[in-house]
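Heads up, the next two complexes both have chain A, just with different partners, chain B and then chain C.
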Partner chain A sequence: MADAVLFEFLHTEMVAELWAHDPDPGPGGQNMNLSVLESMGFRVGQALGERLAREMLAFREELDVLKFLCKDLWLAAFQKQMDSLRTNHQGTYVLQDNSFPLLLPMAAGLQYLEEVPKFLAFTCGLLRGALCTLGIESMVTASVAALPGCKFQVVIENS
Partner chain B sequence: EISAWGSLVARRERNLRQLYPTGTSKVYGYVTNSKVKFVMVVDSSNTALRDNEIRSMFRKLHNSYTDVMCNPFYTPGDRIQSRAFDNMVTSMMIQVC
Partner chain C sequence: TNWKKGLLKTSSELFTLTYGALVTQLCKDYENDEDVNKQLDKMGYNIGVRLIEDFLARSNVGRCHDFRETADVIAKVAFKMYLGITPSITNWSPAGDEFSLILENNPLVDFVELPDNHSSLIYSNLLCGVLRGALEMVQMAVEAKFVQDTLKGDGVTEIRMRFIRRIEDNLPAGEE
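This part shows the complex of A and B:
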């Protein structure tokens, strides 16, 4: 039986190790270089997308793929389904998780809001990688209003 | 040909059979959710091959392909150089011919 907490611990160490301060901050202040974490998530998403989609019936349209991410991919990776999926039917989707497992270990509310982006980079890559392997090029960003809830925004390219 | 692939994707099953005008070979196609297409060309003289055997061969190919995708030394998009994959294909062909 896969223990979810093993991945959570591994993810925490990955973030601590791979998040990089921008060496040359510039006028805007310090940036966080999250591309390494995002690329790792991307490659994992590609493999996971390939493996999980194998057992499914053929996806007829884009919305089927997004539903697959919200149900099957999320269930496999985080042992729960996405809480809501909204779209403007023009290539933008908002996936909302009210209790995102990778944010649960931090206190609920606003105390650690600033630190949050680096804990979401891997997962954004995961979504982007799974979409890529299913034939959809996209940009995935995440935002948090208050922990542990978080929203992933998926924008499909050339739609 | 291209329209045949289109109708294959539109249907929920993944098998397609098509006889070419020359009649020397049968072509089978299989497409995955990740838009990967497998094509099998079988000589017309091979009448022993049944539909469910074709389907199980495609399933084996799909499973091996998935393993290749999960191989940390494989970059998606590259040509497949996995020996395990090659051996699986070779043994399938030997079984059939």
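This part shows the complex of A and C:
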């Protein structure tokens, strides 16, 4: 049973080593730098989604899947639930964590705000990967107004 | 309940899966396995120098007086706390400066199968860096290395620990 602090420290090292590293830089420039971390998170999310959802009942609706991420996935990954879930009922969801564990030790307020995107890329991928396993293609972005609160925006791609 | 157990297991799987994603990424980034091994050791070292503070704060373990006591703390307290396993300690050198940690079930290698073309990859090499980094912060220079690995067909996984020297406190010049 690996202790939660191991994941936190490993994540920090991954950010330090890999955030600026991108073997296929695209036209996006700066934003693309985080793609390696995001895609690692995606693979982990895919596997976690599989392992967690196996014991769940079939999801009836999109909203059920999002609730599953906020409750079960978050609890499994970060030992807490997401603080709120909002949607416009048109495929856009906002998942808010008022004290996101990976930002919690960094600051309370605006200090280190510019470093924050690096620490969110993996988790955006984690959410996108879990959704993908559950049959939903999406785009996930994160924004921070003040640490350690964080909003993840999930935009479902209409098929 | 089963559901709760499932969650606990999953939070441990998050670490194992994330580590797997890291090794996969490094294998893409570097041309040869030796470089991946080095990178894993370096990242482990950086984790170890931070993890020791977490460990000392949570475990109430004081300073170890010899390498045997250090071995006990590593196997019975630290491995237990962070990975939920207790490796056995064997193969002491006559001088008492070397021992082995035998890991029956290494949680880092759940879900892992090494492809044939990575025969030199030391999959769990992060652990060696963690051990070296953590012990350096308590003034012990050690060498940690895998000498057996179940991923490579060995019967057990064995980390060999060698005490090199005690690191003296660096006093600023002129303050003896």
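Odds and ends about this structure:
Convention: the second predicted complex is superposed on the first by the 144 of 159 C-alpha atoms of A that agree within 3 Å, B and C clash if a C-alpha of one lies under 4 Å from a C-alpha of the other, contacts with A are read in each partner's own complex, and residues count from 1 in each chain.
One rule holds in what follows: a residue touches a chain if its C-beta (ideal position, glycine included) is under 8 Å from a C-beta of that chain, and two chains touch if they have at least 3 such contacts.
Predicted model only: the values in this text are computed from it and were never measured.
In the superposition on chain A, A:79 makes contact with chain C only, while chain B stays out of contact range.
When the two complexes are overlaid on their common chain A, residue A:40 makes contact with chain C while staying clear of chain B. Using the contact criterion defined above for the overlaid structures, shared-chain residue A:139 touches neither chain B nor chain C, since it reaches no partner.
Legend: residue contacts after superposition of the two complexes on their common chain; A:51 is shown touching both chain B and chain C.
Within the superposed three-chain model, A:110 lies out of touch with both chain B and chain C [touch as defined at top]. Considering which of chain B and chain C touches more of chain A, the answer is C. Look at A:18: by the touch rule set out above, it reaches chain C but stays clear of chain B.
With both structures placed on the common chain, the touch criterion links A:9 to chain C but leaves chain B unconnected.
By the touch criterion defined above, A:155 reaches neither chain B nor chain C. Once the two complexes are laid over each other on the shared chain, residue contacts for A:60 go to chain B alone; chain C is not touched. Residues common to the contacts of chain A with chain B and with chain C across the two structures: 43, 47, 51. Chain A makes touch with chain C in their complex at residues 1-7, 9-11, 13-14, 16-18, 21, 23, 36, 40-41, 43-44, 47-48, 51-52, 55, 72, 75-77, 79, 122.
Per the touch definition, chain A reaches chain B in the complex via residues 43, 46-47, 49-51, 53-54, 56-60, 133-135. Those residues of chain B lying in contact with chain A across their complex are 9-14, 31-35, 62-63, 65-66, 69-70, 76. Note for the complex: chain C touches chain A at residues 2-3, 6-19, 21-22, 24-25, 28-29, 39, 43, 46-47, 50-51, 54, 81-84, 107, 111, 126.
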